[in-house]
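Below, chain A partners chain B and then partners chain C, in two separate complexes.
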Partner chain A sequence: MEEAINQLEAALLSVDSISSEEILNKHRNIPPIELIEQLVMPVLDRIGSGWEKGTVALSQVYMSGKFIEEWVDTILPSGDPNRKYQPKLAIAVLEDYHMLGKRIVYSVLRASSFDLKDYGHISVRELVTKVKEDKIEVLLISTLMLPSALKVRELKDELIKTNSKVKIIVGGAPFRFDDKLWNEVGADAMALDAYDSINIIEKIMEEKK
Partner chain B sequence: MTTKTTSLERVLTTLGFKEPDRVPLFLLLSMHGAKELDLSIEDYFSKAENVVEGQLRLRKKYRNDCIYTFFYASIEVEAMGGEVIYTSDGPPNAGKPIIENRKQIESITSISIKDSSCLNKVLKATKLLKDKVGNDVPIIGVAMSPFSIPVMQLGFSSYIDLMYDDPILFNKLISINETFCVEWANAQLEAGATAICYFDPISSSTIIPRDKFLETGYEIGKRTIAQINGPVALHLASGISLPIADELTNMGAAVLGVSCDEDLGKLKNKYYNKINLLGNLNGIEMRRWTVNEAESKVKEAIKKAAPGGGFILSDNHGEIPYQVTDEVLMAISKAVHKWGTYPISL
Partner chain C sequence: MNSLERVLATIPGIETDYQPFTMLLSLYGASLIKTNTIDYYRDPDLWFEGQKAVVDTFDPDVLITPFSFPIEAEAFGSELTFLNKYAPNTKKPIITDLSQIKQLPTPDFKNSMPIQFFLKGMDFMAKNYGKTKAIASPIHAPSDLAALLMGIEMWIDTLLFHHDKVKEIMEKSIEQFVRLGNEFMERGATFLVVPVNFTTAMIITDRIFEMLLPYLEKAFSQIKGPIVIHNGGSKLMPFIGRFAELTNVIAFVLEPSESFNEARQIIGEDMVLMGNFDGPNFVKLSNQKAKEITLKILNDRKDDKHFIFATSNADIPYETPVETIQTVVETIRSFKKY
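Coming up: the complex of A and B.
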């Protein structure tokens, strides 16, 4: 599988969807969840690590996540019972139209067999209502602008007022440039990249068991 | 009788890779002018006169070596018909993308700067500031790169899709944007700007890989900068530069805005005598610095990048967050004046 991982990583970073699809299709005989765990997730992990180290660009992270998400949907559609046991997940951007980070995290999570709600661009008040209505257990907030990151504090305070136990995972540029900011705004964790958010969600799932 | 070195002389000396009297300080403050005038950010940017007064006060207060006529990044898409969303504590932000469907690009045309009230406010502020400061202080205007502004025109993900999927529409959009960018930059220079800060974060290796940059942002930047009738600072707005260093020095810019994600010492070694550095204090972290931390960060930057000139101390993004306190800004200014006097002895 190591060779396939190397090949798929190279094809995805070159934004070569034809080769990527060929490599994935060669392994269609493996059950979907196993294929995702053995091939897809290690590749996404490597790409995420490359982004953290500065050797992979954001456009490559986005294009590979999008491609893999679409491919995984063909073998494991949304709602398929074989998708992972998971907490109720949602992702949002607070009062900002910068959606790329959210789109990347959404794709990588879905490509890794998670299902999640996408609340898009939303106000604090609307988000509090949605979290309650949908009984969300883990909420991911993607940010690009500092004011949007600081709004997480307001969100957290409002959620506390409703006795919500939702765990908040934040990510994006303001949190990368200030590694103490996530704690200051009351988040439960900060994800360095999309793949890191999977590790955090899995940790939360372990704690809930 | 000795004459005092002006800010412009200080900057020009360092740009020639020589040591001036001290390290020039470019505190790239936009929204802080609103605080000075006790106005909301929206009210502040509603009149050129407010920005003039704000910039003059900020320069005096922090002994800043530039005037920054940057209003907010989304002003160019506002001129193109886009929505701008004001908040109480951050830069006016672009609203919904103005190009919701790629096909709109086929019929898009460049806008007229003289008919744009928001752009005319910037030009008016530039003219008034030039009248006030003359040739003593560099006035820095801003133009978004034709390659980076589509993030606001289409939205980030749609733009990356376009970049990879549809070279014809991509080139059409870039061509329109190029015309606008050159006209906008030159209008600011005519109004009195000394130099143009060409913001191009999408070209940085944080956002696109080197091979994509070579076929897109690099060529676009070279073409565009060549048509701007004045000095240009190429700013990657926190994005990293070293993987494309050789190309960046060949784009026609005199100054490069560098990121705190890269070591300033390494940047200095790589770029010295090729392109001047502007940076790289972490603006986001600056929000919670103490006065001592601010001094320490300034000292570190000066130690790494000031010897030999070719360095202007600034933040790494090209816009200091509204939340950064006067106390910290004052500490940065004091530290530059204390530790940035040449010869550097740190």
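Coming up: the complex of A and C.
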């Protein structure tokens, strides 16, 4: 599998969707979840680490996640019983139009076989309604600007009023800059990046068992 | 030596009486005059009052004309969001579909409130300090303006899959860059400061960078003055060598974790280097820590005559204690460089 991991990583970093698909399809004899865990996840993890180290560009992270997300959808459509046991997840950007961070987290989570709703950019009031309607258990909020990050406090207060037990995971530049901010706005956790959000969700899943 | 002479001496590498320095105190001017930032970024008179307070309090060698890239995007119609004690941000990019690029009008300088804010701020600076201080004018790199106008997600897609649209948007942003850049130069700027947040290896690949280089050359070569490449919030390595080959580029402001020695190995001994002190992090530092970082940078560049001490990344935060900044200034002023 190591060779396939290297080949897939190289193809994704070259934004070569044809080769990427060929490499993935060569291993379709492996059950989907195992294939994701053995091949896809290690590659995405390497690409994410590469960005942290400065050897991979954000455009490559973004395109890799997007391609893999689409491919995973073909083998594991949304709602497929083979998808992981997981809480009901959603992701949103609060009253802001900077969507790239959300897009990357969404892609990486879906590429890792999580199923989640994408609420796009949304107001606090609308989000509270959606969380209640969809019975969301874990809500991810992606931010780029401080005003958007500070809105999480308002969101949390409104959710408390509805007796919601939803766990809020926040991420993005304002929270990375001020490592106490996530706690101050009432979030349950802060993810350093898309890959970290997987660890946090898995921890929440463990606690729920 | 006055500040202007001190700064200009770093270009040929002439010894100065003491280490020239600058800090990104555009936002901090509002803090010094205790005004809210919403009015501050709308009223050039108020903005200049804040900058006069910066000069009176810290006396930097390089002054900086209004620094707010979202306001430049606003000149194209982008929507801003304001939060007191912070610089404005772009709320919504103006381009939401690639078909809109063709119809996007470039700003009418005479009637554009955002552009007039920049130009009036520039005029105040030149009139009051043009003969004694170096004046730096921040302006978007054409490639970064494109990212701000359409959002980074659409920009990455466009760079990868729609090269004809890259050409279309770059033509607009080059036109804006050249026009505004030369307005600044003609009104008294010593040099332009061009952050490249979205044109670095953290965001784009080598191949995309190569595609953008001819556009940058086309833009930079039309500027009637020198250009300083600023790290923005990103890292300049490993593209710094190719930036250095662009026409009119004379200096670089490095990100705090980047090495001056590594940069020197790539760009040689003669270009001016600046930076390494993290501006946004200022607010978290004790006076002692601020002094330690300052001394570390000064000692690292002790023998470098082509060096200007400068903060990197974004603005020094509004809430930073005056004493912390003064500690850095006093450390620089009392440092025996030669």
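By our rule, the second predicted complex is superposed on the first by the 209 of 209 C-alpha atoms of A that agree within 3 Å, B and C clash if a C-alpha of one lies under 4 Å from a C-alpha of the other, contacts with A are read in each partner's own complex, and residues count from 1 in each chain.
Please note the rule applied: a residue touches a chain if its C-beta (ideal position, glycine included) is under 8 Å from a C-beta of that chain, and two chains touch if they have at least 3 such contacts.
Please read all numbers here as calculations on a predicted model, not as lab measurements.
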Check chain A with both chain B and chain C modelled on it and let me know: fit or clash. clash
Scan A:R103 for contacts with chain B and chain C and give back first, second, both or neither. both
Which partner does A:Q60 reach: the first (chain B), the second (chain C), both, or neither? both
Thinking of the overlay built on chain A, is A:S19 touched by chain B (first), by chain C (second), by both, or by neither? neither
Tell me the contact category for A:L181 with respect to chain B and chain C: first, second, both or neither. first
For A:P147, is the partner it touches chain B (first), chain C (second), both, or none of the two (neither)? both
Which one hits more chain A residues, chain B or chain C? B
Should A:S49 be classified as contacting the first partner (chain B), the second (chain C), both, or neither? neither
Using the superposition on A, tell me which residues of chain A are in contact with chain B and, in the other complex, with chain C. 15, 54, 57-60, 62-63, 96-100, 103, 145-147, 150, 177
Residues of chain B touching chain A in the complex: 85, 87, 89-91, 93-97, 155-157, 160, 163-164, 205-209, 212, 238, 240, 260-261, 282-285, 287-288, 321-323
How about chain A: which of its residues touch chain B in the complex? 13, 15, 54, 56-60, 62-63, 95-100, 103, 145-148, 150, 173-174, 177-178, 180-181, 184
Given the complex with chain A, which residues does chain C contribute to the contact? 81, 83, 86, 89, 91-93, 151-153, 156, 159-160, 201-205, 208, 235, 280
Contact footprint of chain C on chain A as seen in their complex: 15, 51, 54, 57-60, 62-63, 96-100, 103, 145-147, 150, 177
